[in-house]
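Naming follows writing order (A, B, C and D), and every chain is counted from residue 1.
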Amino acid sequence: MRHFLKFAVGTAIAGLMAGGAYAQDTVKVGLVISMTGSQASTGKQIKAAVDLYMKEHGDTVAGKKVQVILRDTASVPDNAKRIAQELIVNDKVSVVAGFEVTPAALAVAPLSAEAKVVELVMAAGTSIITEKSPYIVRTSFTLPQSSVIVANWAAKNNIKKVVTIVSDYAPGADAEKWFIDTFKKDGGQVVETIKAPLANPDFAPFLQRAADAKPDAIFVFVPSGQGAVFMKQYTERGLDKAGIKVIGPGDVTDDDLLPQMGDAVIGAVTAHMYSADHDSAMNKKYVADFTKAAGFRPNFMSVGGYDGMHLIYEALKKTGGKADGDSLIAAMKGMKWESPRGPISIDPETRDIVQNIYMRKVEKKNGQLYNVEFETFKDVKDPAKIKK
Amino acid sequence: MTEPTPTAKLATQGILARARWHPLEFVFWIVAFGSIWFAPNKHLILTEIAWLALFALSLDLILGYAGILSLGHAAFFGVGSYAAALLAKHGIVTEPVLALFCAGLVAAVLGFATSFLMLRGADLTRLMVSLGVALVLRELANQFGWLTGGADGLQGVTMEPILGLFRFDMFGHNGYVYCLVVLFVLFLAARRLMASPFGLSLLAIKGNPLRARAIGIGVDMRLVAIYTIGGFYAGVAGGLLAQTTAFSSLDVFSFDRSADLLLVLIIGGTGYLYGGIIGAVIFKIMQDYLALWSPQYWPFWIGLVLVVMVLVGRDRMTRWSEPLRALVNRLDWRRTPS
Amino acid sequence: MTVALETSHLVKKFGGLTATNDVSISIKAGARHALIGPNGAGKTTLINLLTGMLKPTSGRVMLGGIDITNMSPQKRVRLGMVRTFQINQLFGDLTPLETIGLAISEQHGDGADFWRVAGTKAGVNQDIADILDRFRLADVMNTKTSILPYGKQRLLEIAVAIACKPKVLLLDEPAAGVPDDERHEILTSIAALPKDVTVVLIEHDMDIVFSFSETISVLVNGGLFTEGPAAEVARDPRVKAVYLGESLDA
Amino acid sequence: MLTILFDGIAYGMLLFVLACGLSVTLGLMNLVNLAHGAFAMAGGYVLVLLVNDLGVPFWASIVCAFFVSALIGLVMEKALYVHIYRKSHLDQVLFTIGLVFMSVAAADYAMGSSQVFARIPDALQGQIHVFGIGMGRYRLMIIAICGGLALALQYVLVYTRFGSRLRAAVDDQRVARGLGINVGSIFALTFAFGSGLAGLGGALGTEILGLDPTFPLKYMIYFLIVVTVGGTSSITGPFLASLLLGIADVAGKYYVPKLGAFVIYTIMIVVLIWRPQGLFARAANK
């Protein structure tokens, strides 16, 4: 038995080598996202962005053909792990990308470390993810980035009492912790902290609870896709009329759902790294092309996918087509470029993203709702990692 | 003892036929174990098939043999999964085989405790109670985030080598051999169980609970027993998932998992033990193929398969397996009285 | 002679309806006793009370001197109180061989054996074979019950009960619905039941009742109307009236 | 906290309209229809399409949602469900789960996977304060509509010819057939009507529950709880069960947010153990 296993592993490794030889003209990228299930809307944003990028830039880079293999996780983290494993072992991908939720990204981390394959996180926003494997790189954002900025802003803008409502999972905990720490340091007061369940939330009771505490603002983080229900119930409860503001990371005023939220959402202030309204020529073209191709408006998740592809392409150019994990990750470290969201770079130390965080307010432009940026904080690193 | 009468000899033969191995069964298992050698790059999906087969086998024990309709079988699977992952994470039981057994036991205890709820009421009540138990457990796992990791899943599990010798490698080779061996051993146990008077009495209860009582069968206790055993099997299946992925998340309790499981078992056919295994093979391959072909809309086709199966009639749909069933099962000697 | 089965002041009420009204019957060991009465007289309820399918509102049931009023059905079976059903209650997916095997296993107390392959106890197999022979089921022992001819199913119904080694056997209309040509086989089997088994026959067919039974109890409206030796009851004009009334009603 | 009570009642009323069709089909046809939520989802999408894309007024669209869902229900009943009444519960479960999967994927294909909302008239937005109780106007409307419907249903069941036939058919199909009642067409009508109500509930609920393709799966559990707790023998059972569920859910989340849905599932199990026929069902009279 033991003997056999050695033999089997041996042949498999030989197979991997052979695969490597074959891979000389093709670089495979495994795209592990949810096309079905509760996170499907995020998966579709990323998919559309990846498609758009490849349409614009062709599928050949540094003499290599880039092949994206899309696999659906059905929003189940253990699927993500199994699929990533298959992609690495059977399809011999050079990069596994995607991961809209933290559990999926974390579940794949040990694989990435063991197989020395780059794990490119295009969406999940919990700070610790990048620390779980030396081959993880992120093109989305971290929640502390936005939460700290929004806390600073709130303290300066006459908001004294805040209730926090966050979804009960790792990113929510991140957002809550970094907001509260910063806000308190700046002299603010957090009167109540509420955690809402991640699945199928009905925010009405939580909002009522928050309203009864009579704060100046509610700090809210919910995953992309749930923001609309939250805002609906916020207005329905008359909290807007009661003068209670909504502040938070930009997930709650997700560009994808914003047009549907109704005018009541006008005035919500959020901090985030991307708005479809971002004023740059590159972004205007991006939004136009994206909307034309996909049929819906790009949100912050989409730029994670778009920039992720860009990072892969540029890294391949730099390595001259070498696609092993060590070369790629080395090439990716310190990479700087202009994205639809503005200038961004990969921190060479932490492999996490460094980017501008914008304060935005929801306004109506040309009859449509947008997050309009009014203040820019340049080159924000993940605060959780600076401290260390 | 006096020489048995001719009828007694025939009767002995007839009853023993239930336990007799058919050549096709040997072929089946030779092929299964052969896959270790001839499909080394399919071991990851084969691993999935192996634990899913075991999970479906556990449902077959309670649905196919005892006739208990459950829509919450994932409860046991999930408990087993978390148990195995937690035992490894906290270094309580590090040796996987032993930990797997413990995971099964935990699920069996749950099965025993909840079986009394399942004795009450008709199909719909059982359906809802089983579903409710799974939902409650999911909520519990979510609430006790300090233990289970909540919605983030249980991260940071590292598995020790199996029996201290075979490491869970990234290619899933050892993991597959491990799952297959566990499946085979538990299959043998189930086969033996179902050839016993106890197994026979379950079929009787399924066929006619009224008469089963009238010939002195303690119906309730038999159902409790098989539900507990089914819990054990499902727990082991969940444990296998946790051990081979070194991970466990709330989804182990999900409704979809229980619903898919029903589909797996129904595709393969109930009540002859191989149904779950064959169903798992077909279901996984179908799902994998569909998901590759249509990553967004594959559930549609799975749903269509279900709808068509019911409309056409499950009996007719699974008739393809009839020759195998007939040979494997006792039907062969029934049709041809020797 | 000892008393095999006895009820004292047995009452069963469903809501406002009294289905069994103060019934006290005593049946001697080895008796051939018939229980008759028009439709709705409460025969089925009485059987259910005796076998434990229903719990009485008040009163007691004694089997061989043991109070079984509050025992579970399967415990009563083990003590020897066994019944057959008016409508076949068999295991369609099992064979006669397996069905009888099950009953005998339970009788031997190893029905819950889960680690022994069925059929490995020679004694059990011999017992099964004896019953199969006695009820002429040996030739069909490996045929699925659901596809047996009706008469054979009826025989199996009784054979299963006998396999439970009854002290008291309740036969609920054993010949009901059996075609004439298969009827004889059943009646012979009943007649050949061992003498030490107390048999209580519930029957509509008066020919069978009078050819078989020594004593008769007549139930009307849930209560005991009359009882006595078969010949006396047969002559009783009130009994005739009861049955006449029923036939007028029907 | 009266606002909580008010919210709970609104939520419960909504659940009632969503689930009462299921209760009747289960009682009448002994049909376990896990796909009930798909009809609700259809109603929701009809509302969204009409209001947002075609500019049909809100109220007219609500009515359309009812009729479209009822029509879909009627077609499905005649084409598919008819074949599974006689099948085992296992088959019904499989069949309707299959339908759920299909409807989820089909809705995703047709409508996209994001959550959608219908534009609602300004008159229904915001809150009004009566005696210091904050009441959402939209929820107030839901209470009015659903309460009215419940009364109307009760009236139809108790006082009309159709109602008495329906009750007869629920109580004993064979007898009803014997009395010359066309049970088949009662089935079809009831199924269609139940689906229509679900569609109406789905349309009304988009604002509160949110609408996306996974709707039938997300709320299936809630419908089933209403039916199993309320029993299937009357309208009042599910009605009371819905109210209880709505209030318990909302109040539970308000006062003990940590426990979440846990309370409700536990209550369901306890009720099922305690009274398998449902909390408000007439005591079994057999």
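Going forward, a contact is a pair of C-beta atoms (placed from the backbone, for glycine too) under 8 Å apart; a residue touches a chain by one contact, two chains touch by 3 or more.
Please read all numbers here as calculations on a predicted model, not as lab measurements.
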Checklist line | Topological distance between chain A and chain B, in contact steps | finding: 1
Note to self: Strictly by the touch rule at the top, which chains does chain B share as contacts with chain D?
What the structure shows: A
Next item on the list: Would you mind checking which pair of chains has the most C-beta pairs in contact?
Entry: B-C
Checklist line | Chain whose average C-alpha position is farthest from chain A's own | finding: C
Margin query: Quick check: how many Å separate the C-alpha centres of chain B and chain C?
Written below: 40
Note to self: Taking the mean of the C-alpha atoms as each chain's centre, how many Å separate chain A from chain D?
What the structure shows: 37
Notebook entry, point to check: Using the average of all C-alpha atoms in each chain as its centre, how far is it in Å between chain A and chain C?
Noted result: 74
Item checked: Mean-CA-position distance for chain D and chain C (Å) -> 49
Notebook entry, point to check: Which chain B residues sit where two or more other chains touch them?
Noted result: 142, 256, 296-299
Notebook entry, point to check: For chain A, what residues touch not just one other chain but two or more?
Noted result: 36, 40, 44, 197
Check: Which positions in chain C touch two or more other chains at once?
Finding: none
Item checked: Complete list of chain pairs which touch one another -> A-B, A-D, B-C, B-D
Note to self: Show me the residue ranges of chain B that touch chain C in the complex, using the header's touch definition.
What the structure shows: 1, 4-5, 7-8, 10-12, 14-16, 18-19, 192-193, 195-201, 203-204, 206-208, 210-219, 221-222, 225, 333-334, 337
Notebook entry, point to check: If you look only at chain D, which of its residues touch chain A in the complex?
Noted result: 1, 3-4, 7, 11, 104-105, 108, 112-117, 119-120, 125-127, 134, 136, 138-139, 207-210, 212-214, 218, 249-254, 257-258, 260-261
Next item on the list: Using the touch definition up top, name the residues of chain B that touch chain A in the complex.
Entry: 36-37, 40-42, 44-45, 48, 142, 145, 150-153, 155, 165-166, 169-174, 177, 241, 245-249, 251-252, 254, 256, 291-292, 295-299
Item checked: List of chain A residues in touch with chain D within their complex -> 36-38, 40-41, 44, 194-197, 200, 202, 204-206, 208-209, 225-226, 228-229, 232-233, 235-238, 241, 256-257, 260-262, 264, 295-296
Item checked: Contact footprint of chain D on chain B as seen in their complex -> 63, 69, 71, 117, 120-125, 127-129, 131-133, 135-136, 139-140, 142-143, 255-256, 259, 262-263, 266, 296-300, 302-307, 309-311, 314
